[in-house]
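Chain lettering (A, B and C) follows the sequence in which the chains are written, and residue indices restart at 1 in each chain.
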Amino acid sequence: MGIDILQGIISIIIILGLSPLFAGLVNKQKAILTGRIGAPILQPYYDLQKIFKKETINATSSSFISRISPLINLVTLVIAAAMLPVGFWKPLISFSGDIILFAYILGLARFFQILAAMDIGSSFEGMGAAREATFALFAEPIFFFTIGSISFISGFTSLFDIYHSIELTNISYGVFIIICSISVFMLAVSECSRMPVDDPNTHLELTMIHEVMILDNSGIDLFLYQYSSYIKLFIYAILEISFFYPFSQQSYLLGILIFITGSAALTFVLGVVETIISRSKMKNIPQYLLFATAIGILNLLIYTFTK
Amino acid sequence: MENVLSILFCLSLFYVIVTSRVKAYVTVLQIQGVLLSVLLIIQVIHNFSVYGIILPITLLLVKVILIPRYINKVISELEIKRRIEPTIQQMILLPIVIVTMITIFIVSSILSKNTAMDVIPFASGFSSIVVGIYIIMFRKKLIVHVCGFLILENGIFLFGTAVASELPMLIELGVLLDVFVVVFLMGITLNRISSTFKGFEVSHLGRLKD
Amino acid sequence: MLDFFIFILLPVLSAAFCFFVKDLKTQYSISLIVALLHLGLSLLVFLGLYNTDLPTFFSTDSLSKLFLLILSNVYFWIVLVSYSYLKRPIIPKAEEAKKYYFLLLNFYLASNSAAILSNHFGMYWVAAEATTLSVSPLIYFYRNEEALEAMWKYLFLVSVGIAFAFIGILLLTLSAKGTPLEGEQLFYTTFIKNASQLNPIWLKASFIFIFVGLSTKIGIAPMHSGDVDATSNAPSPIAALMSGSLRLTALIGVMRIYQIIRPTSSSEFARTILIIGGLLSLFFVFVYMFKVKNFKRMLAYSSVEHLGLITLGLGIGGLAFVGALYHSIFNSITKIILFLMAGNIRHNYNTREVLKVRSVLNFMPKTGWLFMIAFLAISGIPPLGLFFSEIKIFEGILFSDKPYILALVMFFLLFIFINMGKAIFNMLYKNGDGEQQSYKSEKFEFSHFIAIALLILLTCIAVFSPNILFENIINIAKDFGIIL
């Protein structure tokens, strides 16, 4: 019991500590692939440090929502992180049915961010909020259809149990997992506002989705938003990497190795995708998201009718 | 293993529905050709015969090399623009396809209770047939119609393996030859159409009416 | 093996010959010899004087004997007329098309014979698709925009339709699961023997797919548009070939699956489908005939009508079945005359519009009279063949379990006759504005000779009604399990 809690706490610390590093890695990969030297890998830490020192100014028209929203954002993401199994360790919060909580706790974070964006009263932020809400509508089924289909097959409803039921030795299960991981990858791309759904680097108001919502935040608020977005990216990365753990043989060395190579490979894939793909048109994004949902539905269909 | 290939086949169908480039259609045709040949090769491995290897090789040759190359040649010769020009909103077709697929899967699983058959290749093959028809219905470019026809043919092939119909080699080869000649003739016709009508879209074909 | 050589290999060889020898006259004579041999042998086979010995996938029965004879008859006359047709001064663009004319015709004969003689659904499919391939370049003979569009539509629609028929064939395999036929090849003969054991759901599905798929090729409504476009824009001999033989080749596929489904519990279902298909075709033609603009298109629609009538007869069964088979013979012969004469008119007036063709009887009396007789024949006026077969079909409908269909059929046919007659008599008699009445004597052309010969043939078959033909048709009806 004690070990479990300890492992869970260590997991959270790993997630919270390494998430900016992951973002830095992605940026570095992208820079190298486009032929630049790029910022150092630790740049996100410096950024956070810099923002942290700045003064917090809120818009005069804003209400208490704007002040509590960044904090709620971080707290919900920490809770979500606490539900995620890192490696073979049991997470801090784990009960059957926790995939629903996981999905909606992320939904809560988004909800408050949208509220805060509208609270400021700027038309820009309102537009961003509207876009975020629209695309969230399409993104949510992806999670339920992919994770839901695995949970349907394995018969478990807790993230920890679901991942532990995966056997890569079975070929058809293996292909199934690979397809699920494509779907999760597409979800990650949209949730973490990367290309081709959103361009994290652009500051052109016409094209922004996520970035536009935090335009008016500064200081500690911006720090909280930024940090939680790093955590979100890492959460999805772990969700993706966890598919490939050899859960049947619990060797720690192998686990650590897979964690490191998996993260590196994922950063590489993200980097490559962002290099070769341009941001798609706003009207094509729902289609992109629907495609991921379709993959989830296909998985569900195929597993329902195989027996 | 057949199920795995069918899953990949369905994925290629989804891709072909969302993509808006003509070249992507040709790539999908190649991928489907490879999948079908792998399917055949697996069957040959189970009960090996030198005679049985002829069909997969011919299939690979025709569906992966000859036909896609020919279509690519037609595309580059006619300087067809890369957009596919849908007649309905791109966004609408994907939900339609998803609903159709769900229906097909459910219906075929109900039907499989009476007859012994592999539900997944059966339903995937049938979905491919329907998707081929959707492509013919909802796209303007004639070359895309040819691709839709070939996707339909591929679906029939997958469907054939699902119902475990073993046609004689001679006839299978004849079918392949026919399909190839159809595509060849269609290519020549397209060539003529583009030089006669200065375009290659369905809207140019409206002279014949009652 | 001689039969296989003459029916299938010889046309292929002759096609190859036509590919290498560019001289039109040589090509013509070779093709004519092949056609003659084909006709002779199929006549011998039909008369029972020659016992066939075909390799695997091929065999003959009463049905294929009859249809083979129809094919070689139509083909022979078409080849005979082709040379004089090609010699006409036509637009220079078509010169290029002449080179491939006989090549494709020979190829058409080979694939068509293979389709009719096939004993295996797969073989039938391959051959039927090959007939589409051989005939579609011929549609684009005149090298104009309409012909090009017609060729594309025909090629595409029929290819998709035939692909559907292939699904039907696969479903037939599925229907054999769990019966002694499982794992057997798709030979008609074995399937017909064990038909009652087949799974009815899949058998019905198979029938629908094959019927709908092939109806693009037969030209049964609502899938008739590609076929009508092609027939109306193809050169006249090809149009006659399509109406007279290609549609029947597609029909034989439907008849095979119908033969399988007859003894089973799904028989009633198949009958209903055939009847609906036939009535729908009649209805479409009925609607079209009110707005005739193009006389070749009108003839193409007339083919839809008659094929619809044949399908209806097959569906009704009994005496109507016999009538339908007679009808397919008479229709194929009459269509040759009609299309050849229409070709002459088109050549002379250089238009296909009904309104622009005036006083044909004055300008080209021979063509005009023959055209009129052929029109009377196709409308079922005695003693010209189609009268007898139509009467048989009507009688069959009247004494079947669905006599009310007769009223509908009569109603449609009456209006089709009136409207078609209106268009044709306008073409033949009505004088154009401000034209002086000049009676030109028309040169006696080869096509007139053929038309007269065919009219004599038509009347002879109808009046003398050869016993061997009657026996053959009765045998077919027996094969289908039809009680007369």
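One rule holds for everything that comes next: a residue touches a chain if its C-beta (ideal position, glycine included) is under 8 Å from a C-beta of that chain, and two chains touch if they have at least 3 such contacts.
All values derive from a computational prediction rather than experimental measurement.
Relative to the C-alpha centre of chain B, the farthest chain centre belongs to A. Of all chains present, the one whose mean CA position sits nearest the global mean of protein CA atoms is B. For this pair, chain A with chain B, the centres built from the Cα atoms lie 36 Å apart.
With centres defined as mean CA coordinates, chain C is found 66 Å away from chain A. Inter-chain centre distance (chain B to chain C, centres taken as mean C-alpha positions): 31 Å. The set of chain A residues that touch two or more partner chains is empty. Residues 111, 114-117, 129, 133, 136, 142, 145, 149, 152-153, 156, 159-160, 163-168, 170-172, 174-175, 177-178, 181-182, 185-186, 189, 192-193, 196-197, 205, 207-208, 210 of chain B are the ones touching chain C in the complex. Within the complex formed with chain B, the chain C residues making contact are 57, 120, 122-123, 125-126, 129-130, 133, 136-137, 140, 145-146, 148-153, 155-156, 159-160, 163, 166-167, 170-171, 173-174, 177-178, 183, 185-186, 199, 201-202, 229, 232-233, 288, 291, 297. Within the complex, the chain B residues that touch chain A are 1, 3-4, 6-8, 10-11, 14-15, 18, 90-91, 94-95, 97-98, 101-102, 105, 108-109, 119-120, 123. Those residues of chain A lying in contact with chain B across their complex are 171-172, 175-176, 179, 283-284, 286-288, 290-291, 293-295, 297-299, 301-302, 304-306.
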